[in-house]
Structures are given as structure tokens and as C-alpha cells.
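Only one structure is covered here, and it is reproduced in the block below.
As written, the chain order gives the labels A, B, C, D, E, F and G, with residue 1 at the start of each chain.
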Amino acid sequence: MKIQPLDDRVLVIPAGEEETTASGIIIPDTAKEKPRRGTVAAVGNDEDLQELIKEGDVILYGKYAGDELSYDGTDYLILSQGDILAKLS
Amino acid sequence: MKIQPLDDRVLVIPAGEEETTASGIIIPDTAKEKPRRGTVAAVGNDEDLQELIKEGDVILYGKYAGDELSYDGTDYLILSQGDILAKLS
Amino acid sequence: MKIQPLDDRVLVIPAGEEETTASGIIIPDTAKEKPRRGTVAAVGNDEDLQELIKEGDVILYGKYAGDELSYDGTDYLILSQGDILAKLS
Amino acid sequence: MKIQPLDDRVLVIPAGEEETTASGIIIPDTAKEKPRRGTVAAVGNDEDLQELIKEGDVILYGKYAGDELSYDGTDYLILSQGDILAKLS
Amino acid sequence: MKIQPLDDRVLVIPAGEEETTASGIIIPDTAKEKPRRGTVAAVGNDEDLQELIKEGDVILYGKYAGDELSYDGTDYLILSQGDILAKLS
Amino acid sequence: MKIQPLDDRVLVIPAGEEETTASGIIIPDTAKEKPRRGTVAAVGNDEDLQELIKEGDVILYGKYAGDELSYDGTDYLILSQGDILAKLS
Amino acid sequence: MKIQPLDDRVLVIPAGEEETTASGIIIPDTAKEKPRRGTVAAVGNDEDLQELIKEGDVILYGKYAGDELSYDGTDYLILSQGDILAKLS
């Protein structure tokens, strides 16, 4: 079974809050409202969205954006396109 | 007699709150604002909606979304398309 | 003299609050925000509305939706299309 | 001199609050938010409005809708089309 | 030098508050929210507006609508089209 | 270096608050919410805006409209088109 | 790895708050709500945006606009097009 987001939504696996990436992004967890980072697990059926975002993309989004969901031991977020600030490429 | 949702609304039979599915989705009821899961019982006449959602689909939606209704001993929710976060497929 | 709703409005005769229908719909009056049921007495001139709703249809709507009106000893509600959640068919 | 409403507005002469019509409409003044009744004295230049409402029509509108105006000893209301709930025909 | 309103705005010279016109309009100043009356001094460049309102028109508008301006000893109001309830013709 | 407003914005040099113009505009500073006056220093790239407002125009705008900016010893305001009430011509 | 803003967003490197430019812009940090200045590091995929703003442009934006992000020791802001007040050219 797969979680398929609708319309302009994406399913995201959030990065751990304390994480430091190889390329050096540090998103201090103490800061309020700083964007967070996650990996796209599934993309909704909206065509504009599908041109911008693919499965596997690493994206940044607002700290309080989206709805949380637990599935098979993994924590997900379901975000709308408008919640996505940037992608890392 | 049948409950036929209008426009972009769907009629949903919510899953029990304590439920654990075979595939392992656990939606802890203690968490605030976590999405809930239900089975679509009827789909409104909106064409875009009907392409995305069919009777029998299992969908996720916000915890406080929709209007409750009791019918023949079954509890239903009437959701708008915008309340649907994802479907499980 | 007849009450003719305008645009996308319908004139509805609400079902009694304590009513139990033959088909078994029970809408407990103690519950907050549960939808209520009524019979359509007249339909506005909006064409989309007229395809969806006919005089005589039984519809469900939000508990606090619409404007009340007394006429010839009958209590009515005037609802907008957006207030209608579903019809029973 | 004539009062000519603009756009989608109508000029209305409200019925007296205590009035009982021959056809039996009673709009109890003690009820809050019940619609009120008036006779259309002039119609704005909006074409959609002019198809729906004519001078002389008796209409129902929300109790607190519109702007009051006194003219030649008559009390008027200036309503927008959206304030009109139904017409009596 | 001339004050030229932009877009859908009109420049209005408000009538004195205590005024009684020859035709008998009395707008009692004690009433709250009653519309007021003024003479149009200039009309914005919006084409729809220019079909409805000409320089010299006497219009009615909400008591608290518009922005006040003093110019050469005259008090003006700058109103938007939506603030105009009716014109007297 | 030049400040170039974007879209439908204009860069304005506000007139001194105590100023009395040769043509006699007095905008008493004690009055609340009275419009203020300024000279347009630059116009955004929006085409509709550029037809209405040119560099050098004297415009009126709401007292609390816009964002302030200091540049080379001059105080500016950056206004949106909707903040402009009228121009003096 | 590169931060690529989505849609109508831009990635900006804010100027230091105490800075005085060669051309003399002083944006006193004590003033409330004064616009701030930054250099565009990346532009979203929106075509209208890309005509107005290029990488390297110096732009002004509201003091509280945007989302902060730290990357490789640099502080960034992610702004929407509507947050950009002007560019310096």
C-alpha cells in the first residue's frame, strides 16, 4: 500500500532536526520559523507541481507547514505546493 | 435511500480511532491534528473529484475536517475535496 | 403567493428535530454541528443549482445554515447552494 | 427628483414591522435575524439584477441588511443583490 | 491646479449635514450609519465608473466612507465607486 | 544608483507635513487619516500604472500608506497603486 | 548543491544591518518597518519574476518579510515576489 497525495500536495520524509549535511546546511533548531528540509516521497497529480518537484527531491518548507502522518514506522509530512520554499539541486 | 454528496463533497466512513491496519499505519489518537483515515462511501457530482476519488478508496483527511452524520447505525463524515490529503493505493 | 428564492438559494421545510425516518436516519439533536435534514420547497434561478436540486428533494445541511422564515403557519429556511451537504435519493 | 441605485443595488420600501399580509405572512419582530419584507422602488443598472428584480416586486432580505434613507417622508433601504433572499410572486 | 481622482474614485463635495433640500430629503444627523449626500466634482479614469457617474451628479454614500481633503477652502471627500449607494436624478 | 519600484509601486518624495502650497492646499496635520501629498520620483513597470502616473506627478495618498526609505539624505515612500487616491494636475 | 527557490520566490543575501553603502543609502536599524536591502542569489521559475529580477540584483524588501535560512555559513532569506518593494539599478 502506498500513500498518494492529492492535487498539489507532496508527501515528504522530514530530515532529522539535529542533522548537518555533507554540504554544510545547518538549520539550527532553536531558531523560530526557520525552514526545514525533507525528501519528497510522492507527488500529487497536479501537472504544474509535477514539473517542479520529483520523487527524491530535497525541499525546504516552513517549520509549521503540513500535516504529520506515521506509516510503517516512518514519519511523513503532507505539504501543499505553496508550503515549499525551495528545492536543493 | 442513499446519501448523495453534492458538488465536490465525498461521504466517508471513518476508520475506528484505535485501529492498526495490516500494512502497519498507526495514527496515534493522542497526537493533535494528525490526519485520519476513512473509506469513501459516495462521491459528489464534480467531475474533477470523480477522476481522483472512487467509491471504496481509502483516504486521509484532517482530524477536524467535515460534518458528521449518523445513518442506519453507521457514522459518516461529509468532506470537501480540499479536506482530502491523500489516498492509499 | 409563492416564495421564490433568488440565484443559488433554495427554500427548505426543515424536518422536525426529534424525527426518526422510516429508513432509520437519526440525527441526535444533542450533538453540536451535526447536519440537519429538510425538504426542498422551491429552487432559485441558478442553472447549476437546478440541475442538482429539484423541488421535493430531501437534503442535508449544516445545523446553523440559512435564514428562517414563517409563512402561512409553516417554518422555512432559505439556504445557499454552498450550505447543502448532500441529498438523500 | 428620483433616487437611482447604482450597479447591483435596489431601493426598497420596507413593510411595517407589525404587518400581517392578506396571504398570511407573519414575520414576528421578536425573532432575531429573521428576514424582512419590502417593495422594490427602483433597480440598479446591473443587467443580471434587472432580469431578476423589477420595480414593484416584494422581496425578502436579512434583518440587518442595507443602508437606511429618509426621502419625502418615506423610509427606504438601499440593498445589494446579495442581500435579497427571495421574492414573493 | 485640479484634483484628479484615480481609477474608480470620485471627488465629492459633501452637502452640509443640517441641510434640507427643496425636494425634501432630510438626512437626520443623529441617525447612525445613514447615507450622506454630496455633489461629484471629478470622476476617475475608470470607464465603467464614467458611464454611471458624471461631474455634477448628486450621490448618496455611507456616512463613514471615503477620505477627507481640504483644498482652497473647500472640504472634499474621495470615494471609491463601491462607496456610492445611489445617485439622485 | 537609482531606486526602481517593482510592479504597481511608485517611489514618492513626501511633502513636508506643515506645508502650505501656493495654490492653497492645506492638509492640517492634526486631522486623523487625512490624505497626504507627495511628488512621484519613479514609477513601477506595471503598464496600467504607467498610463496613470508619471515621474513628477503630485499625488495624494493615505496618511499611513506605504513603506518609508532614506536615500542620499532624502526620505521616500514606496506606495502601491491602490494607495494613490488622486493626482493634482 | 544549490538552493533553488520555487515559483515566484527569490533567494536573497541580506545586507548587514549596520551597513552604509558607497552611494549613501542608510537604513537606520532603529526605525520600525523600514525596508531592508539584499542581493539576489537565485530566482524562482516564474517567468514574470524572471523578467523583473536577475541574480545579482540589489533589492529592497519589508523588514519582516521572508523566511530565514543558514547555508554554508551564509544567512539567506527566501522572499516572495510580493515582498520585493524595489530594486536598485
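FYI, contacts are C-beta pairs under 8 Å (C-beta built on N, C-alpha and C of every residue); 3 or more make two chains touch, one makes a residue touch a chain.
Just so you know, these numbers come straight off a predicted model, no measurement behind them.
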Between subunit D and subunit E, centroid-to-centroid distance (C-alpha), Å = 24
Per the C-alpha means, the centres of subunit D and subunit F lie apart by a whole-Å value of 43
Between the Cα centroids of subunit A and subunit E the separation in whole angstrom comes to 53
Multi-partner residues of subunit B (each touching 2 or more other chains) | none
Could you tell me which shape the graph of touching chains takes: line, ring, star, complete or other?
-> ring
Circular arrangement of chains, read from subunit B onward through subunit C = B, C, D, E, F, G, A
Subunit F residues touching subunit G - in the complex, by the definition given at the top | 1-7, 9, 11, 42, 45, 67-73, 78
Interface residues, subunit C side, partner subunit B - complex = 21, 23-28, 31, 33-35, 52, 60, 62, 81, 84-89
